[in-house]
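Each remark here refers to the structure printed beneath this line.
Labels A, B and C are assigned to the chains in the order they are written; within every chain, residues are numbered from 1.
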Amino acid sequence: MNQHLHPDRLFPAAEPLRSISRELYDSITALPIISPHGHTDPSWFAKNQRFSDPSALFLTPDHYVLRLLRSRGLSYDDLGVPRKDGKPVADPQSAWRLLAANYHLFAGTPSRLWIDHSLQFAFGIETPLNSETADKIYQQIAARLGDADLLPLALLDRANVEVIATTEFALDPLTHHSTMLERGMIGRVRTTYRPDDVTDPSRPAIVENLHRFAALTGEDISSWAGLINAHRQRRQTFRQFGAVATDHGVPNAMTADLPMSEKQTLLDKILSGQHDAADAQLFRAQMLTEMAMLSVEDGMVMQIHAGSARNTDPLLFAERGADLGADIPTATDYGNGLRPLLGRFGNEPNLRLLMFVLDETTYARELAPMAGYWPSLMIGPPWWFHDSPQGIRRYLDQVVETAGFYNLAGFNDDTRALLSIPARHDVWRREVCGFLARWVAEHRLSKEAARDIAGHLSYQAAKDAYRIS
Amino acid sequence: MNQHLHPDRLFPAAEPLRSISRELYDSITALPIISPHGHTDPSWFAKNQRFSDPSALFLTPDHYVLRLLRSRGLSYDDLGVPRKDGKPVADPQSAWRLLAANYHLFAGTPSRLWIDHSLQFAFGIETPLNSETADKIYQQIAARLGDADLLPLALLDRANVEVIATTEFALDPLTHHSTMLERGMIGRVRTTYRPDDVTDPSRPAIVENLHRFAALTGEDISSWAGLINAHRQRRQTFRQFGAVATDHGVPNAMTADLPMSEKQTLLDKILSGQHDAADAQLFRAQMLTEMAMLSVEDGMVMQIHAGSARNTDPLLFAERGADLGADIPTATDYGNGLRPLLGRFGNEPNLRLLMFVLDETTYARELAPMAGYWPSLMIGPPWWFHDSPQGIRRYLDQVVETAGFYNLAGFNDDTRALLSIPARHDVWRREVCGFLARWVAEHRLSKEAARDIAGHLSYQAAKDAYRIS
Amino acid sequence: MNQHLHPDRLFPAAEPLRSISRELYDSITALPIISPHGHTDPSWFAKNQRFSDPSALFLTPDHYVLRLLRSRGLSYDDLGVPRKDGKPVADPQSAWRLLAANYHLFAGTPSRLWIDHSLQFAFGIETPLNSETADKIYQQIAARLGDADLLPLALLDRANVEVIATTEFALDPLTHHSTMLERGMIGRVRTTYRPDDVTDPSRPAIVENLHRFAALTGEDISSWAGLINAHRQRRQTFRQFGAVATDHGVPNAMTADLPMSEKQTLLDKILSGQHDAADAQLFRAQMLTEMAMLSVEDGMVMQIHAGSARNTDPLLFAERGADLGADIPTATDYGNGLRPLLGRFGNEPNLRLLMFVLDETTYARELAPMAGYWPSLMIGPPWWFHDSPQGIRRYLDQVVETAGFYNLAGFNDDTRALLSIPARHDVWRREVCGFLARWVAEHRLSKEAARDIAGHLSYQAAKDAYRIS
């Protein structure tokens, strides 16, 4: 059997740790999945159509998988990744064969855990993937994709997903969410307000976007107050489509709290297209503080995903665009960065700020102390490269003692890959149980407390953190 | 029973690790406590009066506890934390009930270990604290506070404290230490010279303080040589009250080694009140090097507590003052920071420099290599947020291989909470034994060597590091 | 018996981890050693003469050992470290006695593991070293040094070293490698091209060195193209002596990609001796990119050893020179630093870039994501202070999940101490097996996959990474 599907996988191997882990895990497996942040495609749920082919499900949209294959010399053309110039790339089955032939490269990576789990969960496939099994598994998957239990909504049911949030930019027409609103699906599916398209002046289309933002909201975005009003209004619209949260993708955690005259000068510069990189940074920093102010007003939970240098390979970006593996984390300074925002709004009872982290050195040094002090601040789950067994262990090791368990926001899968959702939540739950089992065995927690915490971190923490009732 | 009081608590759970841990621990439990750095109130020992109430013992002076409650939305008014404006705050028993009702928030934190241990050690209370038990435990404590064995000096005896150091600013009148000198108590209780009040120009009262320093010592502090003479003299006075060490709380580890003319110019600027933040930084940096020079002269051990951004919540500071949870660690650069000081005095046999660390990334990268080279430099124990089971594990994991065991300064409790002293030393000793047991079981240390090292790190290392004979 | 020689040393102590570790280890012990980067003296292999005395073998050339003794107050004079002024220092046997009397200071350090292993491997000595055994062990070693099986080439055979690389500067005459070429030894012994002597303008002799470089190659190094041609030619010469790799010791990971006119201006400044520290930094940064270009041309593997602040103790450097323990790691930024180089050449199939790391915070944050994307980039083994049991554990913990096992370059011993080579490779192999055993026991890897990976990381990975056929 595939070793990744062993019922005791990821639990500490030595006794009594394994038995305690299993006991804790058994007490939480029935809990539904809350997926309050991610990047699934809302059209899947609005249209509920079949997925096209196995590679479209497991390979081409998954930058975790693509990047590792590229790192060992495979070409994105051969892996079927579309090109901007429209030149042909490999067909899905050829690409699948390459994945299978190189599947040993994923030994030790969470991608391997997720794919193996997904193949079992969705298709009942427990055969290890390799060159010999490639075609057979491809056909097994392809033959099943039209089945009723493999349509997107059936998969949500089978995975016991109670709530799932997608993420849309401020200018998004929310077409699919409108369809879902008509069908009474909003609540289970929710959008999230991610205004990077109108808050990040490093985007080439920023001026055009701001004018579209004005048109969409009817506000005069050439004045600072008008710009904020446009956000205020757009946030309200998003809330009609179930949004409980905003999300902000920023290269670092810098915030600012400028006087009004400087804010207006900055906006004037952006709108005139005369800004430089420092202006762009300052605008993003100020906009985070404005978003905090609006969260104080409307109660939307504010997520900050900071610390990724995007598109670091100019060749890749020119050939195929974004989100294909060349985003690299950078050192991030939360202490100094968040100081202006927190100094202004950090004690507001209505503010809820969730920090997602790519720089693990900040867990124990800054974020746990900050989350253990500020009523508004919680630590998001281990993110991106750290959403893995060892990543989860390092996270819990470094945040719990100073922030406690109850300043954590539970789990997010943050994925574009629908089938990986149950796999990712399962890894989180297993790791939480293994972690708690170690502490129970060391007499640092009672088994009863551990059971409460396991349930909390698997389910309720996410609902509480995101104010989902 | 309370799981935190299990005799095997914190030891690795799997055999043979647990048995070896227990054996090592049994060999060191009788050793006295050396507490060479901390913030207990010297009046406790000089006056030996009863503590007023349970909250004054466990809650209001303990920023570890207060901060975590605040982070979950509890107000400092309701927790009985005094306000600068004198407005009323909750009475001690109401505050205690809030602590008890929210005690589950401390699951997994060292505060929980320390409080549970303290309740057992001082009062024999082994019942878990919660809403149901709150009033009963409050009364049990209150009823005992006047008993002879709960007066401060009796507690030192019961905890087997051989030496305890308090920390006083340069301008402190040392009134209580004078009382203790008359009574022959100096030696067991010692002061520590912490001249931040006259070395940190970011303090609003710095100019006034420097003039008071001149008055106190009879030196002309308007010349650099006079200022250093004032320190030289004041250090001598502190030594009469048992001081073996100085202590320096600085936001970073920068040191400087300026020519005399620049030092005098800098001092002139400070005294005229014309200095900016960069001047203040440079003055602190130069004063560290001056203190090293004085340590070479007088043999006092120099402690540097670097890397905390203090009072990051302006609202809290305005309402209630300092040391209430809003101090946040920052990234610290020891390699470049200490270079001027070490380049000047690092090879002096009489210099002993103890570094306390909030930025754990420096353990393996900089501090262990530096402590493993410079004869003057030792690494202080895991500090503040890292004075915890996982914090101690990370510390030993990262410093021992490069610095060895004998460049470590043993343990400091660094606490304001008298009852937590035995609890904190016990956590350190248990973790040291667990760490050594792992290495014995992996055949990296003989059991005999492990026993020697366990004893050294529990007792002798602190005496040696602080030159306490 | 010496506990460091236990057959199960370093393996996890609890079952089933230990048994799995042993089984994996047994499957790889017969594999030869590949030592593709190090600092052994080529004259040892060219001349194959006896080592002079025990201290010359174990103490005076080993800065790991010297530094720790100095850190506890021992003087380099007493340890027999030569002085620039030629004043006498202790004789070898006195120095050896000091090492023995202080050998307990090495408890917990890898130096202790290596020395104990070396004494057993080379001399069959299993008695623990201490004051009592010092003279006897000294004599045992001294008596054997002339034996045939203790000459350098015999030691390579006994240690099953298949390939060993030395490191020479660009201006090195390669005398010993010429001797070895005549004797048909090149291939087993190889040089490495380390052009720091002509790429680092912070060296006082840089201008003189560049002129010598011109004389050696016949190129006009006053033009940028000529300078690059000189490197191109010198690299070819090194390849005749078996070089498969270049090596670059730099204080940080900054690279640059300047236009030709700026490169020429920079070179003019260097050659005129008018450059400042920023020019030196920029020149080093640009030269890394030039070396990458030449690697694209000639296929030589490019090693970057970044992040050490060299010679931080001016007194030591003035008295005795470099490489004696005062080199201290600094924080390093690989993401931003390498961006110019990778943006230019990162997708070239012929480029192979190996990064060696002293700042462990970059493992998971930057390097694993980068190595898991760029086809040209691999992560070197844990380096210098991190070439230790805990260092290897932290390394594997933090790099494998994101970079996989197959973006790692296997092991390097990087040593000046010939006898430590088998000891260091053995520690690596044991730790790899212990790490894999944990994952097998947690059902994250099959035992078959673990066996493949253990063999790969012990042997084939280094051959592949260095393109040694």
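Rule of thumb we're sticking to: contacts are C-beta pairs under 8 Å (C-beta built on N, C-alpha and C of every residue); 3 or more make two chains touch, one makes a residue touch a chain.
Only a predicted model underlies this, so the values are computations on that prediction, with no experimental measurement involved.
Of all residue numbers seen at the chain A-chain B contact, under half occur in both copies; the interface is built from largely non-matching residues. Superposing chain B on chain C by their CA atoms means rotating through 120 degrees, a value rounded to the nearest 5.
Between chain A and chain B, the centres computed from C-alpha atoms are 40 Å apart.
Shown for chain B are the residues that touch two or more other chains, namely 14, 361. Within the complex, the chain B residues that touch chain A are 3-4, 6, 8-14, 67-68, 70-73, 104-110, 113, 309, 312-315, 325-331, 358-361, 385-386, 388-391, 394. Chain contact summary for the complex, chain C toward chain A: residues 14-17, 333, 335-336, 339, 342-343, 346-347, 349, 361, 364-366, 368-375, 377, 397-398, 400-407, 438-439, 441-446, 449, 452-453.
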